[in-house]
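Before we start, here is the structure in question, set down as structure tokens.
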């Protein structure tokens, strides 16, 4: 991973804007920002962003690669799409934030222990295994993602919810074994593998 | 002009009949006003009423028409008769609408109306219909000074309308600054890419146009005359001079790029790799289709940084206090020079406020971003030579960080300095023109102004067009942007205000129209704006003249020169008919056929002055017809009231007020005098630019006269009144009434 | 309406705002025959609704008065009010134009004495004040209205008010049977000066113009500041009539925004700077103005006005496009939410009143022109050969301030003159 | 009215014994009444919602939705794809938009799908159930089957994010959509028109990873509902429903509030109003029971 990071640093010779344009989902939009700040003001998690979107765009233009990619700001995106609908320049900000987050993760620069980063990975693994999300496994995995003792605490904290959900048949312990799934999981996984391969090739991550 | 025969017509409509004893007014018109015919009518502006007047003009030989009805601002289309003098005695807005309809007020209201009828008849007795002084031999040829984009456009557009043009250009080629540009900011949708400057095409079209004569390497050695009959000596470098006549002049003398060597703090001079925008155009032109090289060592430019507002929008000594308007777009265009050659070249634009207005501007900005130009809100802290290009330190205002950049080239967006010739008011400010000094303080002198004259006018008041601010020759720049203070001479392009090529082309086309208009006006002996169409013009009695020169000094339009015997020499087609000369003349020898010391003086004399014990004071109100008088009209319309003692006389401009009117009024027993003119000073609204200012200056001297008469100085008040002062204007009259209440009646009643 | 005489040497000017008046007057004062049509009952357009001009802070009515006088004095100029162009055929130098004139119900007999207005009871939103305040069903559009003649609102025709008005008129100036009139004229050139309209603020949803009483537009604020406007010059907030002393100005309200108007409307920055001076005029030192902006566009020589306002410590500038406005239910204060981008500071600022510096869009939208013309993406008329002798003047050509509109209108007048001179084969 | 048929994409949360199973129940009851046939897309897969991004990149994510569309095209040609879950709808519609905007992407996606012998045109209309109700029926039609008007209940319409932005329902504004209020009125209940938080984000998927931050938002959403006198919150989104309903105890514990605000689906309201039983309306799926609705359902 980190040699991938090195590889990218060399390839783009410190031109971070160009790197973002070619490697980050919807990255070619970054240059269109006119620094009005409406995105930053529209974010429901706003106060939790060390660097709000419009500032991140400016940092990208100023080449502050390290600060941007190691920041946990992008991970604060709740995908509410407020920024997108209000942006006077039509930047797909939500997707750019997702893209930056993903890219940072691939480069191995995403902050360790970033809960959303972990959850996102769990979610992905969970869904790709069977093609459908298994909420119970996902839930438990989530609670235990910070180690066993942490997990016990969280599960206890969450047990009432679990109970409520179970009582109302909106959660089923039997899910632990079997549970929902696509039939053609092989096919699905083949598709995902292929897609990943194409994408990796595109962003110079072949073999990585 | 045949014997004056007055017809007075008193209207009974709009409540006049109910509120006034109109038959008494008829009698007054006949007995005191010496009206040959006096009639009342129920509805004077109706077909029948107007026909009645027409018949009297046709059959009875009436040639002086007094219409005692509504304000001169109403029903103009109805009361529009040829070949006669018309007086609009204002009984509606001027009397019944500003007085309460009560029994105790009836008497004074009637007295008001009676006085106005007297005044109307008195005025018209001394009016003559102006006889147009047509100049059939007036020249239609238009002189364009300057061969840049503005000048070329003006010349071509005038020629396209069928007018012959002589274009005088100082240098050896047409095109001016635009000719030095590689490309221009786009003028056409989608406003995405730089366009050809069009200079070559324009020049070719001019060469090809047989109506246009081009004089290169030429300047104006001497310019005299007036619209329709300007005479200019066109001098060539080779020393030959020829004289030609012109109908009008367009000054398109353009601008000089600001001298960047005054900006060492931005690195100019420290390294050749810091250039101004014109410097960059030169580099790009030198590069042809190839890569742009940096001046220091010819290395290909890979990183370039543009600095906006270089030495502009700044009160610092030697900087330009204004924004030059075009620089943001120009820098975007110049960054595109690089991006269009090679997308990988880093182009960064450092700005504080990016100014790309309208649809063309904002589209071009977006296109610049599209092409990968980086925009940074920031301010330069330091530019130094790095031995390898330049090292720029700047504050990124968004990130609130100081950032260092090594770049191959720094481009300074410096501003425009108008090429407006001699600042005649700085050279010799007549002691009366106090206001100009503040204009100076506001940066007027922080802008270096070239000393050589552009026009070399032989005008008494100086060689060039007066300037407004920062050396720009602008005038009434909001409503009437073309009105310079030299009739028939129109400034256009960046000499008027900073502007980009697109506005310069619009501006020059408009200026061409104004020049054409000046020619047509001169042919018919018609006044130009704001008294467009006025056929009257001032004349003076040489016998009486003491050669004091006040008229020649005070004319806001430099219309009056001096002849060899030092007598004033009126240049009619330069005159705007404001009457400031008439107001200035201490011996009262200047007058218009239909506006003179008498037409007003006689109105003042003919007001009935009750003796002291009647407790009926009289207040003379001299109101500028442009703003104060309409304000009083609208006050009446909106139900405001003012003192029954007031007698209002509209004047063309407060500048036309001759102090004799004030002293005569006081001598003959008026208790107070109120003068209402337009705002003066830097943001003047006076339509004759200096008239109101002159009046205020003259009135500031009236105190001596008052003390001689030993009258309280509160009896004369001079105000700046705006057309919107609908409450204030009547209020000022009422204040005077109260003042008189306090200090008592004038002792000068007989 | 008496027969209008026009030939292919006549210039038709459409729109009686400052641009149209200027174009018409400049052409007429060059000796050309001009017909000026205006769809409203009186000329003056937008400038008639302005309290002051930037940067001189002088009064638009002042210049308007001069232009009206020029108009009254000029016999080359024929004005048709309440008239619109319905169709145009032909080509440069020879256009056939169809005009429709709506009934005014008041004839030339009107002396503007105002008796009809006193007689009528029905009231309607006052369009001159953008719906703030009412006017009678018989009315004079505004103090400087020209022609200085009253109008009957078509909505009272057929009601008792109409008869009341008619009976009140001593001069038989009211004709209730007036019908719309169609007129055909021939002209040589057309100057299109239909101007601009304020963008519909309700469409800028995050600002809740349609939900919060104390969010108004800059054009409404301008009317409020006018001593002859709906509030007699008091700056009162609509919800409770309380004096607005802490006022927020939001720039680019509808402008520079692909969700609304793509273009920059150019005037809004200067208009806001001007409007902050209204607050100082009214309250002396006892006010607070906050300007939320992206870029302050005080272009060219008049940037010094910006510098002057900037020096006023009661006026603050925040580089931020406001994200949303919410309302404090208790106080009725609009609360502005967003981020000051200069160094990243979040804010939630309550204000007494919010003024949206509303953008300008062309009055005539693409597709509603009576003839094919080349427009740009933003709907402004392009200067293009293909347009023949159809020339835009003023804000139909771009978002312009008054002096640029006048400049552009004067230029258009010459372009039109070039055509009719060609037609006349004039050789000077 | 003739039977209407749609290609149905239920999504993970609607599965049996999953967090929004009651949503599906009520949707089915609602559809019976309206004579709507929902043909489930065979072997559909998860859309990866708006959280899968950090695991799968751009193309894999698009491929997921593309597969669903491909299957739908095979199984139910000519039918519109209808989703009941905001995230499912959004992900699918977004994918469709991106594929049509970018030929390259379309090519690559099909290349990926080929790995399972599939290919996609992405030409079926992708719609949210609410769109179907409003556009294919309209409030008047929806009002006709009402047997038990929900009289006297004050309901806050909580639209949330993804049903509203970036696509939203035609004719509605992003900041103040009114369709839930109109629907509530249609069913005889009373809407809270000035409910400020109707489009406030609930934290979405981050309710799991950032519980404190999310619950702060959820608190606001419920508080404002109470302030507006609401007895119920109605929503069109399973994530919103779950987040706003199930964390109330935790929020009460943390903030000392006494929230007990039932949060139901529009389809629940409709089923009840249409006279369906408590079970059919999915009311048994309420963690916080909607007593008033139960009363009506029992009548």
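By written order: A, B, C and D. Residues from 1 in each chain.
Methods note: a residue touches a chain if its C-beta (ideal position, glycine included) is under 8 Å from a C-beta of that chain, and two chains touch if they have at least 3 such contacts.
It should be emphasised that the depicted structure is a prediction, and the values quoted were computed from it without experimental measurement.
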Touching both subunit C and subunit D (chains): A
Graph distance between subunit B and subunit C, where chains that touch are linked: 1
Label of the chain whose CA centroid is most distant from the centroid of subunit C: A
Selected interface, A-D versus A-B, where C-beta contact pairs are more numerous: A-D
Core chain by centroid distance, with centroids computed from Cα atoms only: C
Subunit A-subunit B separation of Cα centroids, rounded to whole Å: 64
Centre distance in Å when subunit A and subunit D are each reduced to the mean of their C-alpha atoms: 23
Computed distance of Cα centres, subunit D from subunit B, in Å: 66
Length of the line joining the C-alpha centres of subunit A and subunit C, rounded to whole Å: 50
Residues of subunit D whose C-beta touches two or more other chains: 174
Shared interface positions of subunit A, touching two or more other chains: 34-35, 54-55, 85, 89
Subunit B, residues touching no fewer than two other chains: 377, 398-399
Each pair of chains that touches, named by its two labels: A-B, A-C, A-D, B-C, C-D
In the complex, subunit A residues that touch subunit C: 34-38, 40-42, 46-47, 51-52, 54-55, 85-86, 88-90
Contacting residues of subunit A [partner subunit D, same complex]: 25, 44-45, 48, 76, 78-82, 84-85, 94, 98-99, 101-102, 105-106, 110, 115-121, 123-125, 127-128, 131-133, 135, 139, 142, 157, 160-161, 164-165, 167-172, 174-175, 180, 182-184, 186-188, 190-196, 198-200
Subunit A-touching residues of subunit D, taken from the complex the two chains share: 12-13, 15-22, 43-46, 48-60, 62-64, 67, 108-109, 111-118, 161-162, 165-166, 174, 200-201, 203-206, 208-210, 213-214, 217, 246-247, 249-250, 284-287
Interfacial residue positions of subunit C with respect to subunit A in the complex: 206, 252, 256-259, 294, 319-324, 337-341, 344, 346
Contacting residues of subunit B [partner subunit C, same complex]: 13-15, 43, 45-46, 70, 73-78, 140, 157, 160-164, 188-191, 313, 315, 321-325, 351, 353-363, 377, 397-400, 442-443, 469-470, 472, 474, 476-482, 497-499, 503, 506-507, 509-510, 512-514, 516-517, 520-521, 529-530, 532-533, 626-627, 630, 634, 637-638, 678-679, 683, 685, 687, 722-724, 726-727
